[in-house]
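First chain written, first letter: the chains are A, B, C and D, and each begins at residue 1.
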Amino acid sequence: MMAVYLIVIPLLGALAAFLVPADRVRPWIVAAAAAMHTALTLVIVRMRGKDVYDSSWLRLDSLGRLVLLVISILFLICAAYCVGYLHVRANRPNRIFCTALLGFLGMTTLVTLAQHLTILWVAMEATTLATAVLLYFNQNRRSLEATWKYLMIGSVGIALALLGTLFLAYGALLGLGEPTLLFPDLVRRATRLPVPWVRTAFVFLLVGYGTKMGLAPMHTWKPDAYGEAPGVVGALLAGGLTTSAFLALLRIYRIVDAAGQGRFARELLLFFGLLSMAVAAALMIGQRDFKRLLAYSSIEHMGILVLGIGIGGAGIFAALLHVINNAFTKGVLFLAAGNIHRAFKSKRLEDVTGALRRVPLSAGLFVAGFFAITGSPPFGPFFSELGVLIAAIGSHRYIVGALYLLLLALVFIGMGATVLAVVLGVPPDDPAGSAFRDSASKTIPILAALGLVLMMGIWIPAPLSALLHAAARFLGGS
Amino acid sequence: MSATLVLAGIVLCAISGLPALAHRRAMLLAAPLIIAGAIAGLAGCALGLFAAPAIVNFPWPVPGGAFQVRLDALSAFFAAPVFLLAGAGGLYAERYWPATRGGAASVRMFFGIMTAALVLMIAAANTILFVVTWEIVAVTAFLLVATEHELPETRRAAWIYLVSSHVATLALFAVVVLMHAATGTWTFAPIPSSSARAVLWLALIAFGIKAGLMPFHIWLPGAHASAPSHVSAVMSGVVIKMGIYGLVRVLSLIDGAPSSFGVTLLLAGIASSIFGVAFALAQHDLKRLLAYHSIENIGIIVTGLGIGLVAQSHNMPSIALLGYAGALLHVWNHSLFKSLLFLSGGAAIHAVHTREMDRMGGLARRMPATAAAFLAGAAAITGLPPLNGFISEWLLYLAGFAAITRPAAAAPVLLLILVVPALALTGALALACFVKAFGTVFLGVPRSEVVAHAHEVPPSMRAAMAPLLFACVFIGLAPAAVAPLLGRALQIAAPRVAGAANLTDLLQPIQTAAVIVAGVCAIAVVLLLAATRGARRAVTWDCGYNEPTARMQYTSSSFARGLVAFFGWAMPAEVHGPRAFELFPGAAKFESHVPDTVLERALLPSLSRGERLLGYARAIQSGRVQLYLLYVVLTLLALLAWSAQ
Amino acid sequence: MNVLAQLLLVLLASPLVLGVINRTKARVAGRRGQPLLQAYFDLLKLLRKRTVLSTTTTWVFLAGPAVAVVVPILASLLVPLAGPRAPVAFTGDLILFIYLFALARFLTTTAALDTGSAFEGMGAAREVTFAALAEPALFFGMLALARISGSLSLSSMLTVGGAGWHRASAALVLVIASWFIVLLAENSRLPFDDPNTHLELTMIHEVMVLDHSGPAFGLILYGSALKLFVFSSLVARLLLPRGGSPLIDAAALLAVVLLIAIVIGLVESGMARLRLVRIPQLLITATLAAGFAAVLVLR
Amino acid sequence: MPPIADSILILLLLMNFFILGTANLRAAIRAVALQGLLLSLLPLFVESTLTFRLVALVGATALIKGMVIPALLLKALRDVHIRHEVEPYLGFVPSLFLCGVGTALALLFADSLPLAPAERASLFVPASLATLLAGFLVLTTRRKAISQVTGYLVLENGIYVFGLLLYQAMVVEVGVLLDLLVGIFIMGIVLNHIQREFSSVDTERLSRLRE
């Protein structure tokens, strides 16, 4: 029965946030709900899914547990950050914002639980709408434009995903005689699904959920959305939303693989993985806006995720490991970038230099995050990114491996140039200088996130790695 | 025991900088801690050179990782100079970068971590640990180079260094993963010849960049010039040796590396030794000059390795031994005299607040100890007897000469002969370069006010140079005593040739000769000094010109002009300023600068061209939502077409 | 015994070489010229004079002359002047031989820079520049000899004697030619440098020692005489057959050395100084000659 | 499969052409509404037995697709008092031509897919795909934000057609509709804000964020 509370708690929190009149109180409600959510998640994950609420429609399998864990912790960090952040932005009403935040949490949780394709879809759609609201927090022209684009592209994507879902259902109707959409059924009897429908459905679902993930060339909403939303929203999108979309894609992949179309699916994933990395690299080099830069970095890492799956075998484990690393590292980067943005009242290199001088801690964290995300030890992403390479070479895909390394190098150059330009040097002396400086409430959450990233690189807890292995086996990897 | 001591050393070095974070007072702990670590570590290495390989294992719950440290003779051989330089550098920094100065805490912290990670990397038995520590060294080194990031020049240098070293790291990823694929383990296991070739060529990129071998040297001059001097000393002395260590380690895993690879090493080594010194001659920035000499010496070391490989693959073990031994001994020697030069040169810079040699001059009278240290270092790096540089070069010369005495040798072996003239040219150019450097910096009369009022550096900084100076002299005078250590390291590096000849016997006569030369020269100098004590002093005669001014002195640029012009085809100079031909020329400014050909004339232009091309990719993100939706539908249709077939 | 003999030979005979050169030049010019032993008188005179030091100089200024005089003496011990074997001989001594002179050059040029005089800086610059070009020639020659003699010690490399002439006469000729050029350059004789001029900017060695005086200057003169002797004895030893008894050997060697001195004298009176820009070309020619010799013996 | 269903589907396709062809925004919205109503009727001819679920579905569909959403749009159109021309990037003739091509492709592709004997003859699959493509055409070639929303609705309609093939599984269809409703609602709000900020809903103004 407990898993349901995972959904109920945030939704109740959302309700409370909506009803409470005081702007000052709401952030605390968000934080409280997040804390309860995380606590419960930890309990349930420790129970390894035993005697949790278990219906044919909602169940917490190993894959779901993994993603739930990541999203819940990331959300807790972001919620903690929000307390300080919304205090700074006291001039803005935050009722809708807080409500949407918790709604987002509830719906992503539902994504991790859903065992039914349509539930999954409904939940994804709901997250789309919730995020649309979050993006519009700043309420200026730029954020409006970003929101509009996100809404249009996201809705179209999700619509395609729906059609894909229906195709799969129809395939089931033809193959199994009943239009079941339950993952276990579909996987168990996948061999009887008619191949053309499976392939077509996968194409639609890939494009649909790929749009949500932000795989090139469906990535176009990302730079605008991440660029204009508050850093904390960026963190939630890059670490949470994309991850849940990836989860959806994984569930589909599992069916397609079981249906004997795994090779077809992996080919497409390989292609999109490399393409996303390439597009991201091309647009990162010479990037003058450090928040858009992070958006492209997110695109790149989505590419790495699907690349890992596309390689298969050991690549699946690497990809799942990278889910964790990417989420928390993105948290560090976006939150730190948010602080720098506040401290300079700009996110373009023309105005932002020498952040180390103005906000030493945030800038330091930004650099650390940069080294982490580009795969420098001792941070976690090093192992997942190396893992993808190991898988590629291990499966004799030397070309893929070479391209992967080449693109990593390009990305490093593009990202490094901008990040260092932001952090090093001497800050411009602007008379109207922002009053924003490092403060505990706005840096401790980031430190926590970085701590997790570091932990993933130095000491992966045994239960976690067990969970990872279970999830990898669940997906037919090693 | 040895491993324990080394680990203790590592830990002490690593934590040496941490107290500084807590409180400025605690910064005083940094030097004692790192020196203690250095002593412990050196003791450990000394034991490790003779004891059987000591293995330490800790569980490390990460994929593929195992915290496995294995201190064999080779590791100990490479780790020893790291500890020595760490100690010297730590002591030097105490006053060179006082707590009052900006970034003092971070300099101490990163310095400690860098040296500790460096030793850990050298001692790592697990390739993942190797990569991790490798990258930690690279990143901390970058942070140290960027210490004075307010200066644009420093930012640029640091950035170029970061990118190059990351490319090296990615290449290393490939190397390690290929090794894993070939051997199935994450340890340094023998590599089957089937995949040896790929591993070797990738390794050449990774380690070549790290070592600053031409044409991968682009990052080195800038980085070493911009870093704090004690950091430059460690980077030049030991960090770039990571590349050499990696190369030697990987080669030791491959039985019968292809001769072609040896030839490549040989030629690359020769090229970077000659051009390294040529570029050095063209510099007017003291630290850039020293940096280019690092490229030269890396070239000499790699040449030695090349000799070893070629000779070994044509089974001439005795020649191979000479090559390997020369290379390894030069690894030690270079760390010693190069760090000595950076510390003493750094002291001069510290005293006069400029790196421009043409603004210095006459420092020998104001800071005699520093000058003496620099002079010794200069003599050593030039390879003059009776100092250590001579010994290693002597071994390499011998290899070249031995190659020609062999009857009817194969073509690659004949290439070995090139070593002799190459070393000869390099040596002579290095001599010119260091006469210029020492002369313009320390001799003559001060070229500016601030130099005229320079003072000798505090005792602790001088004390930091002492052990290095001593080591240079010791190896120069007692090479036979060092031979056994060399032999132990060789047994790991090149087991098949290690026993080919007895190094001790080989080095015995040159040792005697060196002692005699040293003695006679010393006596002669002392006698002459005594004879001319209290001699009358007068202004420099200068052919009767009795108004000599400091500005009339030969500058470093004019000193090197002839040779620089000689290499003009490879390193065109940029000359700004009027050529004054008229009878009474007015005041004019003249400056000449020789940019790095590979970086400034080849790499950067092509990179910027590439960036411009990438600029077209920005059209993707045109801002029109309709276009974005078009991407989606086109992708969909394309995939449908693909899936239907 | 052998050591003493050699030392005496070198120490006593070397100034004579200067005398012979000067006398030859004078005769060619139709003058009577200074006495053969003039160099000895000069040295004695200088040793008795007082030293004057520049105010800018340090101990380095005196280290130059001191080392410049001991190095040729030490180096001479590696050359088999009397008898088939030098007092000191071991594998690789040839490298020590060459690097000893490098050591001397290092200190003399530094000493020159110590004065802070523009002239002496210029001289030092030229000295190291041309030496850098001369070094490879010397080493190529050594390579050729190593191949011919199959040994890595001067004692047997220089005493290839008759056998060598039979096997590789062409190579030996080339080596001797190129070494003769190197000899002229290293000892700053015409056409590289003009030892007679003193106020020209065209000089190398002489301008380096402008500020030295008294005994120190004496040592420099003596040192260059010794150096000239040792270098000519290298060439001389190659011309001579593998010797037998020390005494005859030494005598023969001295004779040939003086012959070389006469040749030098003829060269100096025969031609003028080369323009500075030409000098590298001549040295490179020497290098090529020696390199060609090495190639010849290889096949 | 009764012929009525097919004739309705044909009407649906004609509507696509009309939407692409008309120059009047209001007319286009009305056409979309009509599409919605037609769709809501379809189940009646697919299912023989009249159950509560069927009624509920028909009612909900008619209500949401046929009335509420169009009303919302028309209101938005009224609020943002703008000229009612469509102002396409792509002329009407080419868009109609492309729509025809799309319909043809849809027919071809549908044949390549295995179908249940019942639907093999029917137009469900091709109609749905064709409508989908028509929706995309509107989305990618129209300038005004509102006309893009209409395009999105056309696209949704296409999907809905296919959904009817799985009537038994369509328990969550209502949820789907609800999502759609909320989505359009939010779009409407955003439209209003756009109107307020830019005093226009021309997406030309909405292309500031670019590289």
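Convention: contacts are C-beta pairs under 8 Å (C-beta built on N, C-alpha and C of every residue); 3 or more make two chains touch, one makes a residue touch a chain.
Computed from a predicted model, the values in this text were never measured in an experiment.
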{"item": "Centre-most chain [mean C-alpha coordinates]", "value": "B"}
{"item": "Contact-richer chain pair (by C-beta pairs counted) among B-C and B-D", "value": "B-C"}
{"item": "Distance from the mean Cα position of chain C to that of chain A, given in whole angstrom", "value": "78"}
{"item": "Length of the line joining the C-alpha centres of chain B and chain C, rounded to whole Å", "value": "36"}
{"item": "Whole-Å gap between the CA centroids of chain B and chain D", "value": "69"}
{"item": "For chain C paired with chain D, centre-to-centre distance based on mean C-alpha positions, whole Å", "value": "101"}
{"item": "Contacts with two or more other chains, residues of chain A listed in rising order", "value": "148-149, 152, 156, 196, 200, 223, 283"}
{"item": "For chain C, residues that touch 2 or more chains besides their own", "value": "none"}
{"item": "Chain D residues counted as touching two or more neighbouring chains", "value": "112, 136, 139, 148, 206-209, 211"}
{"item": "Complete list of chain pairs which touch one another", "value": "A-B, A-D, B-C, B-D"}
{"item": "Sites on chain D touched by chain B in the complex", "value": "89, 109, 112, 133, 136, 139-143, 148, 203, 206-211"}
{"item": "Touching residues on chain B, where the partner in the complex is chain C", "value": "361-362, 364-365, 368, 371, 375, 379, 382-385, 390, 394, 397-398, 400-402, 404-405, 414, 417, 420-421, 424-425, 427-429, 431-432, 434-436, 438-440, 443-445, 506, 509-510, 513, 516-517, 520-521, 524-525, 527-529, 531-532, 535-543, 548, 550, 552-554, 558-563, 566"}
{"item": "Contact set on chain B toward chain D in their complex", "value": "618, 620-627, 629-630, 633, 640, 644"}
{"item": "Complex interface listing, chain D residues touching chain A", "value": "112-116, 128, 132, 136, 139, 145, 148, 152, 155-156, 158-159, 162-163, 165-166, 168-169, 172, 175-176, 179, 182-183, 186-187, 190, 193-194, 197-198, 206-209, 211"}
{"item": "Residue ranges of chain A touching chain D (in the complex, touch as defined)", "value": "118-119, 121-122, 125-126, 128-129, 132-133, 136, 139-142, 144-149, 151-152, 155-156, 159, 162-163, 166-167, 169-170, 173-174, 178-181, 194, 196-197, 200, 223-224, 227-228, 283"}
